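Chain lettering (A, B, C, D and E) follows the sequence in which the chains are written, and residue indices restart at 1 in each chain.
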C-alpha cells in the first residue's frame, strides 16, 4: 500500500483508538498516542519520497497527493514538534478535562497538517485545511475559558480565510478545469487580468488568516492563550506555519506572474512589518505570559512573512529558516509556560516570581529559547534575523528595516520581562513549595532548547532541506555569500570567519550565565515583593509592587496613540453593529399572521409589476 | 416488477383508514402499522428507483385513461430520487417517535401517526404526480396534516403557529387555483406534460401571470422569503420530530413542485433570475434572523429556510451543474436537518421553552446525542470531511461556471453567520459547565431514537468520505429534470405502454 | 334570454352586496349568516351556469355545514368583533 | 356586446371583486373569525371564476338524459365543475380546521384579535 | 392608514386580475376543446354514465377524489386532535340553546326524509346531479338537525369511525382491484351496463356510494366533535 495512505490510516486508527480505548485506561491512551506519532513520523521520514504520487478522483475532480521538497521543510517542523510536544503533553495534560478528546484531536490536527503538506491539489488541500481549522477550534475552546468570545472570533477568522480560499479554488476549477496546484501555476497566465488580481488576493486572505497577518490577526491572542498550553505549542509552532506554507507558494509562484504584482509583495511585506511591530508592542503590555507569547507569536510571524514577501533568495531563506526556528523556540516557551502554570497554578508574571531555583531546568529551556527569540547569537534566531536584515538591505527596503529593527529591539523588553517575571526576582513564600516539573515535561523542553542551539551553530542541518525546497520554488541555489555561514556541514561553501565568532560568543555567554547564577546564590537579600520600605512611599495593601507591574510605563505613554487604535475594537463594534442590524431586520417576522398575509399580497404585486425584468 | 408507483400513495391511504379499526383491537398497532407502511414505502420506492435507473422512466396511468386525459404518475430518476429520500426520512422520523406519547394518550398517538404517514404520502404525491390539480390536492393533504401536527401539543402557542400556517396555506392554495384556472382556460388541459408541450402556444402575458401565481402558490410550502413567516413558528411549536419531517420532507416537496413548474411546465431554459433573486433574499433574511435566536428549534428553522433559499439559487442557475448542486444540497439538507432537529429535541426534551441556554453543558450528560448534533452542525455548515462540504463545493463550482462571483461571495459571507450561530450552540453544548440552575434535566434517549440518529450520522459520514456513492444518482436526476422534451415524450407517447 | 341576464345580474349584485355586508358587519353572527347568503347566491348562480352538481355541493356544504360550524365557533368564543360593539 | 360576453364579464368581474373583498377582510380585520370569513369569500370567488371558465354560450348541464346524447357540443365544460367540487370539499375541511384552531386560541388567549396573539415572533 | 394602504394594494392587485381575466384575448385565445370533448364522448360511449361530472370525479380524475376524501378524513381527525381535551364531557352540549318543541318534533319528522334524500342523491350520483359528496353532506345535515334538536342525541364515535374506515378501505380496495384486474389503479373493471340505467357505469356508482358513506360519517363526526366543544 502507498505509504501516504498508510500514514493516514494510522492517524485515523490512532485517533479513534485514543478516543475510545482511552476511556479504559490512561496509560493505554498515552501508549497509543505516542506510538501513532512515532510510527507515522518514522514512516514519513523513511518511506515517503517526493516522487511517489497518488492520484484519485472524487466527484469527477482529479486529485493527487505527493510530497514536494518545500512541503518537506514544513513536514519536518510538524512531525518534529508533534513528537516532542506529544511526549510533553502526556504529563502536562494529566488531570485536565476531556483527555481522550484532547489526544484524539491532537492526532487529527497533526494528520490535517500532514494532509495539507502532501496535497498537490487545491481541493484536498482545502479539505485538510478545514479539518485543521475545526480540530484546532475544539482545542481553543477545550478549556471552557472565554469560549463565546475567543472561540467564536477564531472560527470566524478561520472561515473567512477558508471561504476566501474556497472561492478562489472554485473559480480556478471552473476556469481551468483542474485543481492541481501545478496546473494552476502553469496556466495562470491564461486568466484574465481581473482574475489575476482576484485569485492571489483571495488565496492570500485565506493563508494570512492562519498566519495571523495584520488585519486578520485578532483571533490569535485569545486562541493561543485559551487552548491548553500543550496544544498552543503545536498551534503556534506548526499550525500557523501552514499559512506561511501557502503564502510561500502564492507569493513566489503566482504573484510573480501578475503584471505589476510587485505591489502585492510590497503590501504584504509592509503588513508583515506592521504586524510584527504591533504584536511586539502588545506583547510588552501583557501581564499574562500566555497572552504575551501569543502576541509575540503574531510578531514573529510578521518577520517570517516579511521574508517570504520580499522574495529574494536570501529573504526567502530567512523566512523559512525563521519559520523553523520560531516553531522550535516558541513551542518551547509555550511548554515552559505550561509547566509553570501546572506547577504554580497561574501564568501571570506579576504573581509568580523567583522560580529560578525551584525550576532550574525549566529556566534553562526558557533562557535558551528567549535568547533565540531575541535574536542574540549564537542561537538560531540570530541567523534568521541577520539574513532578513541583509536581504532587506539588498532589496532597498530601508523603511521596512527600521520597522523590523524597532520591533526586534522592543522584543528584548518582553523577553526580559518573561525571564525576570517568572524566574528572577525575589522568592515569595507563596511559591516556596513549587517543585520542578516532572521529567517527562522537562526533557522535551530541554531537547528543544538544545535544538535551538544546535541549529544556531549548525544551521546547515536545516538549510539543506530549505535549499531543496527553494530549488523547487525555482530559485537558483547558489548565493554563495550566504552559505558561508554554515560550516560544519560544509556542503556548499568555504570555511569562514563565522565559526570562531560563534564559539567566542558562546563562551562569553556561558561564563556570564555561570557568573549570574553564582551571584544570585550569594548576594541576595530576601524581602517580600511587597516590601518597598526603602523608597519612602507607603503602598496600599492591594497594590502589586512587583517589578513587572507597570512595566515600561513611559514607553507606553510614548506609543499610546498607536496602541489606542486597537484593531479588535473595530471588529468588535462592527460585529456588534451587524448583530444589532440583524436584530432589527428580523423584526420583519412580526409574529402577526395578518402581516404575513400582507407580505403575501405585496409579494404578488411586486412580482406582477416587475415581471418583465424578473422573468 | 416489484410494485407500482401508485402503491406509494394507495398503501398509506389504505393504512390511514385501517388504523382506527386496528386501534380498536390492538392499541400498539397504531404505532407499528405506520412504521411498517413507511418501511414498505421506503423499500418500494428504493426498488422502483433502482429499476427506473436500470431501465426507463415509469409512467403510470390511473383509471385506464392515458395522459392527457387521465391522471398519471411519473416515476423518473428525479422523482424516484426524491421519493426515496422522503419515504426514508419518513421512516426515520417514525422510528424516532415510536415511543412518542407512549402510555399517555392513545387517541393522541393514533392521530399523530396518521398525520405523519399522510404527511409523507402527500409529499410523495406532490412529487410523483403528473397533473397540476392533483398536485394541488396533495398540497392540501400535506397542508392539513401539517396544520394538525403543528397544533398537536395542547400548549399555548402551538395553535397560534398552526393558525398562521393555515392563513398562508389557504392564501397560497387560492393562488394555486388561480394559476390552474389560467392554465386550464388557455390550454384546456391539466396534465403537466401536455401543458409543457403546448406552452409555446400560450399568450406570453398569461404565461407569466400563471407562473407568478404558481410561484406564490407553491412558495408557501417551499418557504420562500415573504411567504415563510409561518415556518419558524411552525417548526418551533410542532413536536420535535415533526420539525425534522417538515424540513426533510415537506420543504423538499415544495421545492420540487416549484422547480418542476419552472423547468418543465414553463420550460424556461437558462438562468432564472426570479429564482436567484428570491433564493438570495430568502437566504440572507433567514440566516441573519437565525443569528440571534434564543430558541434552539427556531434557530434550526431559520437555518432550514436559509438552506431552501440556497437550493433555489442553485436551481436558478439553470445549468446542469447548478441543478446537480441543488439536488445535492437537497439531499444533504434532507438528512442533516432532521438529524439536528431530532438530536436537538432529545437535548431539550425536558423543557417546554427549548431555549439554547438550557442545553448548557449537556454534552457531559448526553455525550452521544451531543456528538451527533455537532456532526450535523459541521455537516450543514459545510466543513469537510462531512457531507455538506461536497454539496457546497458543487454549488460554488456551478456558480463559478456561470461567472456569478457576486453570488458566490454573498453566499460565503452569509455562511459565516451560519457558522457563528451553530458554533455558539456547540460551545454551549460542549464547552460550558453543566449548570443545574439553567440547564435542563437530561433525558435518557430511547433505543429507537438512537438508532435513527445513528443511521443518519452514518449517512452523513458516508457521503462525506465517499461522495461518489450518491453523485451518480444525483447526476441522473439532474439530467432528468433538465430534459423537458424527454419528459413530454415519455408521458405523452410512451403513456400507452401501460405497466402491468 | 334577457331574463337569464337579469337573474345573473341580480345574483351577482346580491353576492357583492352580501360580501361587503359580511366584511363590514361587526356582529359576527350576522356576518356569518351573510356568508351563508353568499353561498346561497353562489348556489343559485351555479345552477344558472349549468353546474347542478356544484350547486348541490355548495348548498349542502356552503350553506348548511359551513354556516353551522361558524355559528358553533361563535357560540364558543365571542359574538362581536370588538367588545365595544356589544350593545 | 352580446349576452354571453356580458355574462362572462359579469361573472369574472364579480369573482375578482369577491376575491378582493375577501382579501380585504383577511388583511384588515382583527377578528380571527372575520379572517376566516374572508378566506371563505375568496374561495367562493375562485369557485365562481372556475365555473365561469367552463361556461359556454347557451350551454346545458353536462348530464346526458335519455335522448340528449347528441347534445355534446352544447354542454358546458364538466372538468371545472369536477375541480370545483373537489375544491369546495377541501375548502370546507380547511375551514373546519381553522375554526377549531380559533376555538383553541380563544381557550388560551381569551381574545380573538389577531394582533394580540403573537407570542411567537422574530 | 393601514386600510388605505391595503385598499391601494388591492386596487393594484385587482387591476392585474381584471387585465388578465377581462381581456377579450383571454377568451379569444382559449383552447375550448382540450380534454372536454374527450371526456364527454367517453362518458357516454365507454363508461355509460349519464352524469359526466360524476364520471370525471370518480373515474377520470378519481385519484383527486381519493385525495379529497383523505382531506376530509384528515380534517375530521385534525379537529379531534386540535380540540382534544383530557376530560371529555359527552352529551353535554351547552353550546346551543335547548330547542323548542316545534323544532324537536319537526326534526324528528324531517330526519328520515333527509336521510332518504341523501341516500337517493348518492345512489343516483351517476345519473342525476349529485353523488357521494352531496348525498353524504345531506345525510350529515340530517344528523346535524337531530343533534341540534335533541340535546341528548348521541352517536357512537366508534360506529362512525368504523363506517368511515370501511368506506375508505372500500374505496382504496376498489382502486386496487382495478389495478389487479384492469391494469391501472381505479380502472373501471366491471361491466358498464346501459346508459341511464340505475345499474350502469360499472364501478362508478359503487365507489360513489362508498364516498357517500365516508363523507356522511366524516362530516357527522366532525360536527359532533365541534358541537361538543365548550368554550
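Just so we're on the same page, contacts are C-beta pairs under 8 Å (C-beta built on N, C-alpha and C of every residue); 3 or more make two chains touch, one makes a residue touch a chain.
In this text the structure is predicted, and so the values were computed from the model without any measurement.
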Chain labels contacting chain D and also chain E: A, B, C
Smallest count of steps, each to a touching chain, taking chain B to chain C: 2
Of A-D and B-E, pair with higher C-beta contact tally: B-E
Chain closest to the assembly centre - both centres taken as Cα means: B
Far-end chain from chain E, centres as C-alpha averages: A
Chain separated most widely from chain D, comparing mean CA positions: A
Intercentroid distance (Cα basis), chain C paired with chain A, Å: 76
Distance between the centres, which are taken as Cα means, of chain B and chain A, whole angstrom: 44
Intercentroid distance (Cα basis), chain E paired with chain A, Å: 73
Centroid spacing, where centroids are CA-atom means, of chain C and chain E in whole angstrom: 19
Residue numbers of chain E (touch at least two other chains): 6, 9-10, 13, 16, 32, 35-36, 39, 51, 53, 60-61, 64, 67-68, 71, 74-75, 78, 82, 129, 133, 222, 226, 229, 231
Residue list for chain A, restricted to those that touch at least two other chains: 586, 589-591, 593-594, 597-598, 601-602, 604, 608
Sequence positions of chain D contacting 2 or more other chains: 13, 17, 19, 23-24, 26-28, 30, 35, 49, 61-63, 79, 81, 85-86, 89-90, 92-94, 96-97, 99, 101-104, 106, 117-120, 122
Which chain pairs touch, all of them: A-B, A-D, A-E, B-D, B-E, C-D, C-E, D-E
Chain E-touching residues of chain C, taken from the complex the two chains share: 52-57, 60-61, 64-65, 68-69, 72-73, 75-77
In the complex, chain E residues that touch chain A: 6, 9-10, 12-13, 16
Residue ranges of chain D touching chain B (in the complex, touch as defined): 19, 26, 32, 35, 39, 42-43, 46, 49-50, 53, 79-80, 83, 86-87, 90, 93-94, 97-98, 101-102, 104-105, 108-109, 117-120, 122
Residue ranges of chain C touching chain D (in the complex, touch as defined): 1-2, 4-5, 8-9, 12, 15-16, 19-20, 22-23, 28, 31-32, 35, 38-39, 42, 45-46, 49-54, 57-58, 61-62, 65-66, 69-70, 72-74, 76-78, 81-82
Of chain A, residues touching chain D in the complex: 586-587, 589-594, 597-598, 601
